[in-house]
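Everything on this sheet refers to the single structure shown next.
Here the chain labels run A, B, C and D in written order, and each chain numbers its own residues starting at 1.
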Amino acid sequence: MELKKMIRIGVIGGSKPDAKARQVAFKVGQLIAEKSAILICGGLSGVMEEASRGAKQAGGMTIGILPGNSPQDANPHIDVAIATGLGYGRNSLVAMNSDVIIAINGQFGTLTEIAYGSIYGKKIVGLETWDIEGVIKAESAEEAVNLALKNYFPLTS
Amino acid sequence: MELKKMIRIGVIGGSKPDAKARQVAFKVGQLIAEKSAILICGGLSGVMEEASRGAKQAGGMTIGILPGNSPQDANPHIDVAIATGLGYGRNSLVAMNSDVIIAINGQFGTLTEIAYGSIYGKKIVGLETWDIEGVIKAESAEEAVNLALKNYFPLTS
Amino acid sequence: MELKKMIRIGVIGGSKPDAKARQVAFKVGQLIAEKSAILICGGLSGVMEEASRGAKQAGGMTIGILPGNSPQDANPHIDVAIATGLGYGRNSLVAMNSDVIIAINGQFGTLTEIAYGSIYGKKIVGLETWDIEGVIKAESAEEAVNLALKNYFPLTS
Amino acid sequence: MELKKMIRIGVIGGSKPDAKARQVAFKVGQLIAEKSAILICGGLSGVMEEASRGAKQAGGMTIGILPGNSPQDANPHIDVAIATGLGYGRNSLVAMNSDVIIAINGQFGTLTEIAYGSIYGKKIVGLETWDIEGVIKAESAEEAVNLALKNYFPLTS
């Protein structure tokens, strides 16, 4: 499929997740790739890295939008690294460039991304993350990716 | 007092608050000025404008950090308008430039500012706003401004 | 070749170039693709669009870093569109994400990109563009792409 | 005069100017204050600091728009420090928030500000700086400030 026609699923979450959240992030990444969607993330460690690793292992494509000045800062599983030099300000860009978002775990950085996602009209699916109005709760990686795809394609749900 | 030594209190909140929130915002602005603090806000309407109006009526100083490209976009009660051209990305700058933050009401934009405030290590006092970990709840404008000043000067509390 | 190992050549220039500059931009895009490099640009019209069109016609890959809030703003020849919401502030990101830059024609937006490229330590090859210290002049699309690749690989020149 | 009605003159230039440029920057700052204008600058060292020092010595007001995350990064002569966290991306904001700009000396950072100033429709007066189309050349601090005020008030010229 043409890159520009593929759905982009943003995966957001903490840079220091526990073991369970890491596994979930990896699985979410795998499923995104299996569904022929592109993974968008912040390009660094933790949930971002595990999801990217999962996506690449399943043959998918990954985009990382980085806080620093250098594309070389990306984790090794990012195909297209975009440096922004914006620091935490880049969180707005992660939300802006996703068609739908899956939030896994996470701290205040993840909360900015959930809030920006809502501002930009994106649906957000949550896995053990902030309990914020509008976030659709999922119990597993499978459910999260299915809900993300359903909410991106409301007509098929 | 020298401008650069004055405490900066950020006031964040919705652009379309109800009548009660408008009154509270106005009162918060007045009290900030009476305490010789500078009011920092997003420079536009609603909570931002009412707080600025209150601060100016009490002889205070106001700084507005705007989303658009022109300082002329500021509400009429802003002394120093700073245009950013960052859209909602400017929310990060409102938090970054405040010593302590008072959140009144608000929607997802306010939530990004609460989250950025937490990332940047600022204390946040909340008045009928998002119930987020770390936000110190206040019941009135007076209590909010007092809590803001106490949390900025922890040794005097 | 793996995407992340491919050289990224930024192509910058005006959104309203004359016929000659359009042809040169198209040819530069073609040659970038033929050399297995990725084209980075601002994602909109004029030089950006002609270079993207050339790259796609030659089977290459294109990244567009956009000023607005929506990836849908990209010209139809962009594979990976990144929205920034930064307005002209995105010009810094175009420079930051290029390994080497080719400037074609252009006005003040192009000048910001030449200057940012220099700040970020990127070599800049110029085709009928601003005559700025450090810009390496080329006379044709072929020479520009060759100079870009030589200056990116200084040891092979 | 009300702060919001005062003209804002941006002073841009290198962070490591030679002795002569430092003297000129100091004098430009003094004259800006004497003309009851506000000095806007990047808030750091070199031309920015000398101009701020001159403005404060003459009783003026100074605004510094900083690249880092903390208002404390400003030089000691800044009254209102605005942190942006944008790195060199803050150069766009210096231009955006000036009514008219005086460029003194400078390297590529100054060039981005000259170019952004032109994009945002600001007149630029230059003192031994980049020779760019549209920059109005001045030979002394006095002439530069006079030209800045004349070009801001075109009807009085």
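Methods note: a contact is a pair of C-beta atoms (placed from the backbone, for glycine too) under 8 Å apart; a residue touches a chain by one contact, two chains touch by 3 or more.
The structure displayed is predicted, hence computed values, not measured ones.
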Problem set entry | Counterpart interface for B-D, drawn from A-C, B-C or C-D and sharing over half of its contact pairs | A-C
Exercise. With respect to inter-chain C-beta contacts, which pair, A-B or A-D, contains the greater number?
Worked result: A-B
Exercise. Measuring from the mean C-alpha position of chain A to the mean C-alpha position of chain D, what distance in angstrom results?
Worked result: 42
Problem set entry | Computed distance of Cα centres, chain C from chain A, in Å | 28
Exercise. If you average the CA atoms of chain A and of chain B, how far apart do the two points sit, in angstrom?
Worked result: 31
For this session: Please list all residues of chain C that touch 2 or more other chains.
Result: 69, 85-89, 92
For this session: Spell out the residues on chain C that touch chain A in their complex, using ranges where they run on.
Result: 2-4, 8, 63, 65, 69-71, 74, 78-85, 92-93, 96-97, 120
Exercise. Which chain C residues qualify as touching chain B in the complex?
Worked result: 69, 85-89
Problem set entry | Interface residues, chain B side, partner chain A - complex | 86-89, 92, 108-109, 111-112, 114-116, 118-119, 132
